[in-house]
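Each of the next two complexes has chain A plus one more chain, namely chain B in the first and chain C in the second.
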Partner chain A sequence: MSIYLFIEQIINGLIIGSTYALIGSGIALIYGTMRVLNLAHGEFYMLGGYFVFYLAVTMGLAPWIAIPAAVFGAFLLGMAIQRTTIHFLFGREGWMFSTIAATLGLSIFLQNAALLLFGEQFQTVPYYISGIVELGQIRIPAQRILIFVVAMTTIGAMTYMLKYTRLGWAIRATSQDRDAAAVVGIPAERIYMITFGIAAALGAIAAAMLAPIYSINPWSGLPILLKGFVVVILGGLGSFPGAIAGGLILGVVEAVGVQITSSEWRDVISFGLMIAVIWWRPWGLFGSKPS
Partner chain B sequence: MFQPLTPLKWLGILGAIAAMLILPAVTQDTYLLHVLILAMVFGIFASAWNFVTGFAGLKTFGHHAFFALGAYGSALIGINLGLSPWLTIWLGGLIAALAGLFIGLPVLRIRSMPHVAIVTLGFAEIVRITLSNLTDITRGELGLWGIPAFEGFTLPVVGEVVFSPADKVPYYYLALALLLLSVAVITALMRSKTGLSLIAMRDGEDAAESLGVNLTRQKLQVFVVSSFLVGVAGAFYGHYISILTPAAVAGVDLMILIIAMVLVGGLGTLSGPLVGALVLTILVEFLRDLDTFRMLVYGAIIVLSVMFLPKGLVTIGQRFRRQPQAPATEAE
Partner chain C sequence: MSDTPMLRVENLDVFYGSYQVLWDVGLELGNDEVVAVLGPNGSGKSTVLKAIMGLVPIRSGRVIFEGEDLTQVPTHEMVAHGISMVLERRRLFTNMTVRENILLGAYHKSVAKDTKARLEWVESLFPILAERRDQIAGKMSGGEQQMVAIARSLMSKPRLLLMDEPYLGLAPKIVDQIVQIIRKINSEGIAILFNEQNVKLSFGVSDHGYLLEGGRMVLSGTGDEMMNSDVVRRVYLGV
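Up next, the complex of A and B:
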C-alpha cells in the first residue's frame, strides 16, 4: 500500500470521526445536563436520516432546505420524547436505571416503528456536492470534505452557544446545580426538554451528512449509538471537548485498524479500544480522576 | 424479602413446583410444552440477570453475551470433540463464567452506572460480531447446526428416556431441573452473608463499604455466578433448539426480551423474573401472527412498565394491601 493511500485512509478516518464526535457530543450533552444515559440516541440519528431522505429525495427539496427542515424535525421529536417519557421518570426513586431502561425500550420501539412505516429496504441520498479535491497524490471527494466542515462547524457553534449565550449559561447552570439554577429563575424542566431537542438535532445533522455515503435503514441507530458510547468513554462521559477528541481518535483508530485487519472487524476494534480504555483510564483519556 | 418463609409461602412454592411436575402427566401437547420450556430457559436467564441487576445493583445490559458464549461453547465442544451435552452444558457455563470474570473485573472498579451499561453492551457486541465473523468455526449467520442432542438413559420406573424433537417431556423436566437449581443457587447465595452484604450494598454503597463489606469481591462473585447460570441456560437452549445464529442468541433483541420480563415481573424480587418470563413468553405466542409487531410491543412494554409499574407485577398485591413491609410486622 502506498503512503498516499495510507494518508487518505487517515483523512477518511478523521472525516468519519467528526460525525462520531457529533453523535458523542449529543450523548455527552444529555448526560452532562441531566445525568441520563440516552440509549435512544441512535434512533434520533436513524429517524433524522429518514427525515432527510423524505424531504430531499421523495419530495425533491434542495439539500439546503431539506437538511435544516429535517434537523428541526428531529429537534421537535427529541423534545416531545423527553416530555412524554423521561420527564415523568426524572427524580423518581431509581431514576438513573429507569431512564436507561426506558430509553432502551424507546430505542427498540422507534426502530420497529420505522421498520413498519418505512419498510426494510436500504435508502440512500445523492451526494450534495460533486467533485474531488486533489492535494498532490491525495484525492478526497468534496462530499467528504463537506462532512468534516459541517460537523466541525456544528460542534464549534455548539461550544460557542454553551459558553456565550443565555441558553448556554442556563444549560450549564442547570447541569451544575439544578436547585440553585431554579432559585435564580431558570426553568430546569424546559432546559431539559431543549437539551434533548438539541441532542436529537445533533444526531440528525450527523445522519444528514452521512446519508450520501452510508445507507439509511431502520437498524442504523444501534451501531452509531455504540460508536457514540465509545466516543464518550474515550473522552470522559459528559465532557463536550472530550467528545470531539474522542470522535476524531476513534475515527483514526478505526481507519488504521481496518487497514491492518478487514472492514468486518471495524466494530470489534472500536469496542476493544473502549474496554482497553476502561481498564486503563476509566474516567476517560482527558478527564481527571474523580476524587 | 429473605426472611424465613411462612408456612403459607412454603405451601405456595411447593404447590407451584408440584403443579410444574405434574403438568406433563395431564397434557403432553408438544406446542404447550415447547412454550413452557422456553419460558423456563428465559426464567433462568431473567433470574440470573435480576441477581446482578436487581439484587447486586450492577445494571448490566450485556448479559446476552454469556447466553451466546454458553450456547456456542457447549455446541462447538460437542460438535468438535464429540463430548456429551450432559458434560458440555457445564463447560458452556464455565466459558461464560470466565468471560464474566474478564469483563467483570474492569466494570466493577467503576462506580458509575452508565459506564457499566455501556461497557457490558459493547462487550456483547464484540461477542456477536466475532461469532458472526468467524465463519470457519461458527458458520456465521448461516447458523450452526448439527448440535448433538442429549443422550437418553433408562430410569427404573419410567423406562427409557429419549430426547427427541417429537417428545418434549424429557426436555421439559431437564429445563425444570435447571430452573430449580438456578433459583436454589440464587436463593442460597442471597440468604448467605453475601446476600446480606449485597442488600446493604444496593441500599447504600458507601455505608456498606465503611462497615467493611468488600464490594468488589462480592460483586465479582455475583457477576461470575450469574454469568455461569446464563451460560448453562444458553447451552441447554442450543442443544434443545439445535440451531444457533449470532443474531438469535447474541443480538441485543434477546437482552431486551429479558429486561422486559424482569421489569414486568418485578426487578429486585425473587419471583418477579419467573412470573415475567412466563407472562411474556405466553404473550409472544399470542402475538405470533403479528410477528412484525413483536419487538415494537416489547419496546412499549419496557417503557410502560418503567413508567407505570415501577415495582413489577408481583408487588401489585402489596400496593393494594394496607400494611407495608414495615420492620415491626416482620417479627411475626
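Up next, the complex of A and C:
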C-alpha cells in the first residue's frame, strides 16, 4: 500500500468519524444529562435523512435552506418525543429500565411509521458540491471535505454552547446534580426536553451530510445506532468530549482496518475495538475510572 | 416571635411512597431569625427543609412565606420568591469551576440582575473563593466546598436561607468557621432555617429551635429552654 493511499484512508476515516462523533455526542448528551439510553437515536438520524430528502429532492429546495430546515424539524420532533414519552416515565420507579423499553418501542414505531409514510425504496440526495480537492498525490472529493467541515463546525459550536452559554451551563449543571440545579432555579424538565431536541438535531446533521453517500431508508437508523454505541463506549458513556474523540478514532480505525483487510471486516473491526475497550477500560478511553 | 411570621409551615404531611415520614409538622420563623430544626438521625428534619423547597412532594399542609402560599411552587421557582437552599453534603456541580458554581446561583432570570455586585459581595464573605475561582469544585476540601455551596446559595440574594445539615462531615475547626459565616449572613438581614443533630452546636447560632422525633414536632423553644428540657434528653439519650 502506498503511503498516499494510507494517508487518504486516514483522512477518509476522520471524515466518516466526524459523523460518528455527531451521532455519539447526541447519545452521550442524552445519557449524560438524563441517564437515559436512547435506543431510538438511530431513528432521529433516519428521519433527519428523510426530512432532507423531502425538502431538497422532492420540494427541490437549495441545500443551504433544506438542511437547516430539516435540522430544525428534527429538533422540534426530538422535543415532542421527549415530552410525550420519556417525560412520563422519568424519575418514576424502575425508570432506568422503562425508558430503555420505551425508546426501543419508539424505535420500532418510528421505523414502521417511516415505512408506511415514505415507502421501502432507498432514497438518495445528490452531492451538495462537486469536484475533487487535490493535495499533491492525495485526492479527496469536495463533498467529503464538506462533511468534515460541517461536522466539526457543529461540534465546535456545541462545545462552545456547553462551555459558555446560559443554556450550556444549565445542561451541565442538570447533568451533574438535578436537585442542586433545581434549587438554583434551573427547570430540569425543560432542560431534558431541549437536550432531546439538540440530540435529534445532531443526528439530523449527520444524516444530512451522509445522505449523498449512503442511502436513506426506514432501517438506516439501526447500523448508525450501533456505531453510536461503539463511539460512546470508546469515549466513556455520557462524556461529550469523549464521544467526539471516540467518533474520530472509530472512523480512522475502521478506514485503516478495512484497507488492511477488506470491507466485510468493517463491523468486525469496530465491534472488536468496542469489546477490547469494554474489557480493558470499561469506563472508556477518556472517561474517568469510577471510584 | 412577631404576629405575622416570615415563614409559616402548617400541618405538613409528607410520604416517601406509602411510607409516612412527617406527621402534622408546623413551624414559624420571624424576619431576621435563625431557627434550628433538631432531632436525631431519621427524625425527618432534612425532609422538613426539602418539603419547604419543594424537593419532596407535600401530601397535605401549607408553606406560607411573606404571606404567600408557596406549597405548590416548583423548586426551580423558589429563588424568585426569595428562598434559597444549601443542600445536605454540599451537592456542588463537581465538574465545574468554583466561579461557574457560584455564578449558577444567580441563574434564575428574576435574580440575574446585578450579578456582578453580588459576586463581589459573596467573594468578600469568602475571599478564598476568589483566589480559587478556576479550580474544579469537586477537587476542593470539604470545608471549601461548603463555602462554595453557601456562596452559590447567596447569589440569588435570598431573604430566607435553608441549610440542610451545614456542619455535616466537617472538621471541628471548619465547623467554627461555618458558624461565624452563618452569623455574618444573618447580620446582613437574611433569615436562616437550618437543621442539625447536635443540640449544643445549634444553639451557638440559633434564636429558637424545634425538636423532631419520628417525624413529629415534639417541642419548641429558645436555646436555654431546649438545652434544659427533659424531652430533649429523652429523645437523644432514650431516658
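Quick notes on this structure:
In this section, the second predicted complex is superposed on the first by the 291 of 291 C-alpha atoms of A that agree within 3 Å, B and C clash if a C-alpha of one lies under 4 Å from a C-alpha of the other, contacts with A are read in each partner's own complex, and residues count from 1 in each chain.
Definition applied: a residue touches a chain if its C-beta (ideal position, glycine included) is under 8 Å from a C-beta of that chain, and two chains touch if they have at least 3 such contacts.
Predicted model only: the values in this text are computed from it and were never measured.
Once the two complexes are overlaid on the shared chain, A:180 sits against chain C while remaining clear of chain B. When the two complexes are overlaid on their common chain A, residue A:188 makes contact with chain C while staying clear of chain B. In the superposition on chain A, A:91 contacts neither chain B nor chain C.
In the superposed pair of complexes, A:60 makes contact with neither chain B nor chain C. Considering which of chain B and chain C touches more of chain A, the answer is B. Of the two partner chains, chain B is the only one touched by A:233; chain C is not. In the superposition on chain A, contact of A:136 is made with neither chain B nor chain C.
By the touch criterion defined above, A:111 reaches chain B but does not reach chain C. Contacts of A:172 after superposition on the shared chain: chain C is touched, whereas chain B is not. Note: no residue of chain A belongs to the chain B contact set and to the chain C contact set alike, using the contact criterion stated above.
Those residues of chain B that touch chain A in the shared complex are 53, 59, 61, 103, 106-107, 109-110, 112-115, 117-119, 121-123, 125-126, 129-130, 133, 252-253, 256, 259-260, 263, 292-293, 295-296, 298-303, 306-307, 310.
Remark: chain A residues 31, 37, 39, 85, 88-89, 92-94, 96-98, 100-102, 104-113, 115-116, 222, 226, 229-230, 232-233, 237, 264-265, 267-268, 271-272, 274-275, 278-279, 282 touch chain B in the complex. For chain A in complex with chain C, the touching residues are 166, 169-170, 172-173, 176-177, 179-188. Within the complex, the chain C residues that touch chain A are 53, 55, 74-80, 84-85, 87, 91-96, 100, 103-105, 107-108, 110-111, 152-153, 155-156.
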